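We call the chains A, B and C, going by the order they appear; numbering starts again at 1 in every chain.
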Amino acid sequence: MKRFLSSMIDGRGFDIGLVSLPLAFLLTLSGLPLLYNIVMSFQEVDMFSLGSFWRPFVGLKNYRDLFAQPETWPILANTATFVAASIAGQFLVGFGLALFFWTSFPGASWLRGLFLVSWVMPGLVVGAIWNWILSGDFGVLNFILRETGLIDGNIFWRSDPGFSLWAVIIANIWLGTSFNMILLSVGLSAIPRDLYEASELDGANVWQRFWTITLPMMRSSIGAIMALGLIFTLQQFDLFAAITSGGPNNASNVTQYWAWDLSFRQYDFAKGATISVIMIAFVMVASVVYVRSTRHEVRG
Amino acid sequence: MSNVSRDRLLLAVAIILAGIYLFPLYWMYITTIKSGSEMFATPPTFWPTDPQWQIFGNVWQSRNMGRYIWNSLAIACGAVCVITVLGVGCAYVLARYRNIWVDIGLFLILMLQVLPASLMVTPIFVGFSQIGLLNYPRLAVILAIAAKSMPFFVVLVRATFMSVPQELEEAALVDGNSRVGAFFNIVLPLARNGILVSAILIFMQAFGEFVYSKSMIQAVELQPASVGLNSFMGPNTNEWNNIMAYAAIYVTPILAIFVLLQRRIVSGLTSGALK
Amino acid sequence: MAIRGSAILGALALAGVSLFGLAAKAEDVTISVWSLDRDIQPAPNLISDFNKLNTGIKVEYRQIQFDDVVSEAMRAYSTGQAPDIIAVDNPEHALFSSRGAFLDLTDMIAKSTVVKTSNYFPGPLASTMWDGKNYGLPKATNTIALYYNKDMFKAKGLDPDKPPQTWDELVDAARKLTDPAANVYGLAFSAKANEEGTFQFLPWAQMAGGGYEHINSDGAVKALDIWKTIMTEKLASPDTLTRGQWDSTGTFNSGNAAMAISGPWELDRMVSEAKFDWGVALLPVPELGAERSSAMGDFNWAIFSNTQHPAEAFKVLEYFASQDDRMFKDFGQLPARSDIAIPETGVPLKDEALKVFVEQLKFAKPRGPHPEWPKISKAIQDAIQAALTGQMTSKDALDQAAEKIKAVLG
């Protein structure tokens, strides 16, 4: 007992205690629900048997049924587009802004702070605002594009199968930029300035400095942002619900919205769970990327 | 180009960028004070001809927003407390070592937050109802949010601890401090800024949480503002000015606090307290 | 030990009773009610009136969102947290009654002095029935008809007293009324990929001899072709595909659409917002003399089968039914009752419109009832969207829907 106590205060036990409590908490509150979803994807789920764990097993039937549906592949492709375009957009805009504000000028830190507001906004509110801005006939975005001569007729962002997915992507880039920018700013500020001074003396130009110093030094930040970005993007649900509801004709439907739609609109809980298992596989890849990126971290 | 004119140019560009970026927010505020027919006018007006200022008071009164915002605050504060207490230690340990177990821990923590809340809510609801936690709905939501947001917090705070020089902690241990003592006296104070900033970011997320609250909190008196907004939006509503007024009242306090604190937040983040 | 145990139990029970007595009168029974009604709509007002009567039954109210009714109810029911009474959308009633989740009210209704099934319109009543038994009571009813802007009709040389009667006349009128320069569309309706789309489309299919059981009949294909014409010629906003009925009608009220297909729930807003003369006409038919049909909307009351207090819950329903005559006057909703003459409101436009809706209601058909209605409805929505976005022909899209529906119907 005494050894245990002293270990708790002064040894390994302290670390294990610190880490096991939150892990246990997470495993109960996130792990079990995750497991519930996975198990459900192999079961036949009756809408009134939601409360119990024991339901008839049907093996891979849900998976076979899912991939027999004609909309499955297009929706998976949409998801890939949504994730790739959102992450790329958020990252590029965020990185651009972070680099821009990194050059110190008066008011830089104050203005940079303003770019964090999208983080503060609840998803529901952001969805409502963008729904309103993107509306085809009354939307202000169409008005601005028309006035500046970029388009002739209104673009029906929400209802044109060619644009609806991009409407959500635009809103999502807006939403995620702040998160990218701030984490990248943090990464940038950690790069020692003398590295740049040295290479400037060596005659390296801006581009060379960016490629040889900035990017390599940012590796771990970028890895973390990509992984978290993938997770946040895959969780993005409010914007779909608010702007397009996955329509028209599934043109902007993605897995996370589809899974919800199957579960709670068509009450096909097993299929909803099946899709979520596919998403878990997606995120597993992201997690590996993140964990690998931490390998390159340097402890200060 | 002189330094002054370069600064001015950069400042101008920054202001333009911020203007573009903040436009959706502006549009929210401006829609709020438009009258019903002006909202749908084409071309849209960028400054309302007949501002309806009374709408804020009306919406506040008729939607009973004081109570909603209070509930949002209570839930967000609770979630931040749970997350901070549990998450800081976890992040500290994950930053201190570099081995396979840490990799597994990080992997698990990320994996556990993969599914959107809309898919997690059914199992959580079922589990909570079986242990009777649904009788304390706000606590139930706090716990669910904590589980949802903790991974993000751990990732951020872990980065903070990475920037605390390990030698300082070792020196404290050599001086006769216990691990507990070194943690609380040396490491924690040094990481304070980063933890604070991460907590604020988490707070803002929790303040807007919607899916869990909607399902678990059935009594109107206990619901947060996000649920109130949703019940306002409903399928049969396009009172966009009222909705936007609600949204404006909802986010303005946090925006205000944020704008006041933002210099500290940003400098806290970028001065290397968090990396 | 046993004696001590029971003594403690007794003491606890006593303490429990006295604590409970402080909170409420000892004989009070609490009944919980869920519905989607907001503060200005019937349920919360009727409930607060009921609570003032001090009948020894205390009713608690919770508002839920349209989209969440079924999922919240199922989750609550399967974990034993269900309310005593709930209002569900009529096509979803059978989902619950067929699984025994709702209480069979047949005997209680037979004995009741307040509720008589013969007083209800057959359509709404049918939606509460399953297997010949009553599993609920219609809460209200509604249907859709054609709103039109008389001022715009005059301006474009159309007779404001002769609204379009057939599909061809409707399309013609829409062509004449559409004015892109003035941001006016000829028609506003909803083809959204949710129940609203089905609600709006089925009447068209039914008028032409189709229906959900034979959704790919020639008439239904023709109906969808007409919709397609309206969309491709931009006689209605492309946002029709993603916009609900309330939002679409909003554009009519603001003068951006000359006609709108929607229901009586729009009347109060239209009276206060529309700055022009308008009227309501019956839904146009395929050709003169064709069979009329219309959608039947609105919610039903039901009692969950695991309620602790079935008798008291039924008393609450009886009270709701006894107040049906207030529905239109106080809340602008139509009671699903044939024995109640709806009184004039004194607002001429509203009273005129009411006559049309009451007439239209005679042709209203329930959707289903079928326990898997959501899947049937989804197949129809998919077909509408696939056709209107130009990805399939109307025929192909509806054939595919028919295939899916056949699989559901078995």
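In this section, a residue touches a chain if its C-beta (ideal position, glycine included) is under 8 Å from a C-beta of that chain, and two chains touch if they have at least 3 such contacts.
Predicted model only: the values in this text are computed from it and were never measured.
Which word fits the touch map of the chains here: line, ring, star, complete or other?
The chain contacts form a complete graph, every chain touching every other.
So using the touch definition from the top, which pair is joined by more C-beta contacts, A-B or B-C?
A-B
Just give me the whole-number Å value for how far the CA centre of chain B lies from that of chain C.
38
So, what's the distance in Å between the C-alpha centres of chain B and chain A?
Spacing between the chain centres: roughly 15 Å.
Multi-chain contacts in chain A: which residues touch at least two other chains?
In chain A, 50-51, 137-138, 263-264 touch at least two other chains.
Can you list the chain B residues in contact with two or more other chains?
Touching at least two other chains: 40-42, 122, 126, 129-130, 230.
Identify all positions of chain C at which a residue touches two or more other chains, and write them in rising order.
Expected reply: 67-68, 75, 78-80, 183, 251, 256.
What does chain B use to touch chain C in their complex?
Residue list for chain B touching chain C: 36-37, 40-42, 122, 125-126, 129-130, 134, 214-215, 218-220, 230-231, 234-238.
Would you mind writing out the residues of chain B in touch with chain A in their complex?
Residues of chain B touching chain A: 6-7, 10-11, 13-15, 17-18, 21-22, 24-25, 27-28, 31, 39-44, 86-87, 89-90, 92-97, 103, 105-120, 122-124, 126-127, 129-130, 143-144, 146-148, 150-152, 154-155, 159, 162-166, 178-180, 183, 201, 204-205, 207-211, 226, 229-230, 233, 240, 243-244, 247, 250-251, 254-255, 258-259, 262-263, 265-267, 269-272, 274-275.
For chain A, which residues are in contact with chain C within the complex?
47-52, 135-138, 156, 158-161, 164, 244-251, 263-268
If you look only at chain C, which of its residues touch chain B in the complex?
Touching chain B from chain C are residues 36, 38, 62-63, 65-68, 72, 75, 78-81, 183, 196, 244, 246-247, 250-251, 254, 256, 265, 273, 275.
Name, in rising order, each residue of chain C that touches chain A in their complex.
Within the complex, chain C touches chain A at residues 67-68, 70-71, 74-75, 77-80, 95, 99, 101, 183, 192-194, 237-243, 251, 256, 374-375, 378, 382, 385-386, 388-389, 391.
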